[in-house]
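Here the structure is laid out as structure tokens; the discussion comes afterwards.
Chain nomenclature is as follows: A, B, C, D, E and F, assigned in order of appearance, with residue numbering initiated at 1 for each chain independently.
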Amino acid sequence: MQPEQSRYDRGLDTMRAIFGPGIESTLKGLAATNPDLARYLVEFPFGDIYPRPGLDLKTREMLTVAALTVLGYAQAELKEHIRGAMNVGCTHNEILEIILQMAVYAGFPAALEAVKTAASVFGEE
Amino acid sequence: MQPEQSRYDRGLDTMRAIFGPGIESTLKGLAATNPDLARYLVEFPFGDIYPRPGLDLKTREMLTVAALTVLGYAQAELKEHIRGAMNVGCTHNEILEIILQMAVYAGFPAALEAVKTAASVFGEE
Amino acid sequence: MQPEQSRYDRGLDTMRAIFGPGIESTLKGLAATNPDLARYLVEFPFGDIYPRPGLDLKTREMLTVAALTVLGYAQAELKEHIRGAMNVGCTHNEILEIILQMAVYAGFPAALEAVKTAASVFGEE
Amino acid sequence: MQPEQSRYDRGLDTMRAIFGPGIESTLKGLAATNPDLARYLVEFPFGDIYPRPGLDLKTREMLTVAALTVLGYAQAELKEHIRGAMNVGCTHNEILEIILQMAVYAGFPAALEAVKTAASVFGEE
Amino acid sequence: MQPEQSRYDRGLDTMRAIFGPGIESTLKGLAATNPDLARYLVEFPFGDIYPRPGLDLKTREMLTVAALTVLGYAQAELKEHIRGAMNVGCTHNEILEIILQMAVYAGFPAALEAVKTAASVFGEE
Amino acid sequence: MQPEQSRYDRGLDTMRAIFGPGIESTLKGLAATNPDLARYLVEFPFGDIYPRPGLDLKTREMLTVAALTVLGYAQAELKEHIRGAMNVGCTHNEILEIILQMAVYAGFPAALEAVKTAASVFGEE
């Protein structure tokens, strides 16, 4: 099955805008185990959804930080998206406000886990 | 235990701004079973968290729509917050974009359940 | 496969102690669709786990009310266990305290859903 | 944005094979609120994922029944997929075995909720 | 915003009673990233909820061990609360009974993850 | 309480068939902390459920890989069951297809976490 170039290219551009140029080696790592998941990740979330008009990239990244805080088990993805949120204009303070608000909707453990992840991202800078 | 008036009053003002004046009868219904949960709901989420600077009410409501879509089981709360999001400036389209994006993070069933809830809110208008 | 009488009988006795004699018609309803799930439900949770020494039935029911509040989607089971908790000695107040505490660990929507379920049980009395 | 005909058509064919011809009115209902979610649902899960070689449709539907039983909150989607599983060759007994096994991985409440949904589907036949 | 001394002080006293005097350095670590989350954690769960009459601290810690076992992703918080539960009078056996019972409500993987966490706490003593 | 030999023996045979002979030392490790959970794990999932007719072991392991991918927090159990799935006849490709399909039902983060776990298992071979 030939990748659909336009969705893939649009997705890769969106991922570069959010995650920076390092995203291509991350995708290569994923593709080594599951090339089709890597391709769908580029095409569907970042090729179809994120580039849609209606919400800008910064708002989308903020929503994703909220979603991953609620899920709780996906700290690796949360780490990437905290970095991504900052790349598209979120401040540390905005990220911490999002996480804090999630204590209301998913409980304090979800917020505490996410704060540790945020601290590890902020500490790398 | 005497309610701390300033947090409670700030919370009630925030809830009126988000949910409209009907919120007081909703709170009375909740207080009939569990007055302390009703009070904490006013004081902590809406008295402490929502009025914080750093994120405006519209952004906070968008994050909450995302969170409740991810949780999946809290459609009654999602319904209130879709109404609330519209009251503080969200368009139908923005709400649908948030729900659509959550298909990426919590799966299509979460998005499909939330879209039905959104449709029922939109249909009431 | 012949049901193991001792575990089954112990489980049925425990279920009667918690849920009252009406449990047998509930089990018949379940058995009409899935007799083996009905049998395992009697044997494993109520035949093996609940009768164990170390925690009394009231404490076990309180833990279960907490667990079902956190899960969020299982309000029908929560309703049965709120009734069960009261049958083995929990007061309304204790049940509401458990639900309130779960706002800390699973968020306010989980607590709000559970309070509605508790109110519907209390209202039946 | 013009729907990509080949993915959409492949998805619609897959959905007809699983859910029967009634799926088109279900999709129209969804599209009335959120046409893009309806389109992505056809294109990504049913256009991209389900038609992939490696697992046949019956196995995929069995996996989906397992997944929706674990999620717990998506009984409407579970209902559709129990019907779908039967359309592609699952017996009642296989569906009940899947649900029963999920008691091990997601607990008895998840299995009990799913059994009620299965019973309502079986009762319609 | 000035911390409300009475809720904060009551919360800190409760946390010291549950977690021991080491809690203040844990809170300092959290406050380094998110001082307001640290403050709300003291004020709301431990200042408002835990000191309420109706359930004693030991019962509250048992409920929290149940809740965190069900959540699954918050093993760091579970570790703290297993220690806390022992500080307020839970035996190893009671903690293991709680975890075992959660296999019924959240599945065996939740119980297995929690048992590993309990084993690591017991091994430190 | 004397273990019920027939369920226990059947469960141990099933576990050996799925996980290989190393399972006995894994069970000993678990039994060191919680011998009754170890015993119930053998008796209920593997003594009662897995050996039932209606679904073969390979199908059951595929369903379990799906369930654990959806749960998200139980990567240690997922690792064991990916190994187990391969022992009873699943190919790498089938395991990756299951995980990929779960992106539809539980979101991309769940699939990404599971793919990393699969990669670590495949890398050990």
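Just a few scattered comments:
Heads up, the rule we're going with is that a residue touches a chain if its C-beta (ideal position, glycine included) is under 8 Å from a C-beta of that chain, and two chains touch if they have at least 3 such contacts.
This is a predicted model, so every value here is computed, not measured.
Looking at which positions face the partner, chain D and chain F present mostly the same ones, since more than half of the interface numbers are shared. Simply put, chain B must spin 120° to overlay its Cα atoms on chain C, rounded in steps of 5.
Between B-D and A-B, more contacting C-beta pairs join the chains of A-B. Chain centres were defined as the mean of their Cα atoms; on that basis the chain farthest from chain F turns out to be B.
Taking the CA centroid of chain C as reference, the farthest chain centroid is that of A.
The distance from the centre of chain D to the centre of chain E, each centre being the mean of the chain's C-alpha atoms, comes to 39 Å.
Centres computed as Cα averages put chain A at a distance of 30 Å from chain F.
Touching two or more other chains at once are residues 36, 40, 44-45, 49, 52, 68, 71-73, 100, 103-110 of chain B. If touching chains are joined by edges, the resulting network of the protein chains shown connects every chain directly with every other.
In the complex of the two chains, the chain F residues touching chain A come out as 71-73, 96, 99-100, 103, 107-113, 115-116, 118-119, 122.
By the touch criterion given at the top, residues 30, 32-34, 36-37, 40-41, 45, 68, 71-74, 76-77 of chain F touch chain E in their complex.
Interface residues of chain C facing chain A in the complex, by the touch rule stated above, are 103-110.
Those residues of chain B that touch chain E in the shared complex are 4, 7, 36, 40, 44, 48-49, 52.
Looking at the complex, you find that chain C touches chain E at residues 44-45, 49-50, 52, 54-55, 59-60, 62-64, 66-68, 70-71, 93-94, 97-98, 100-106.
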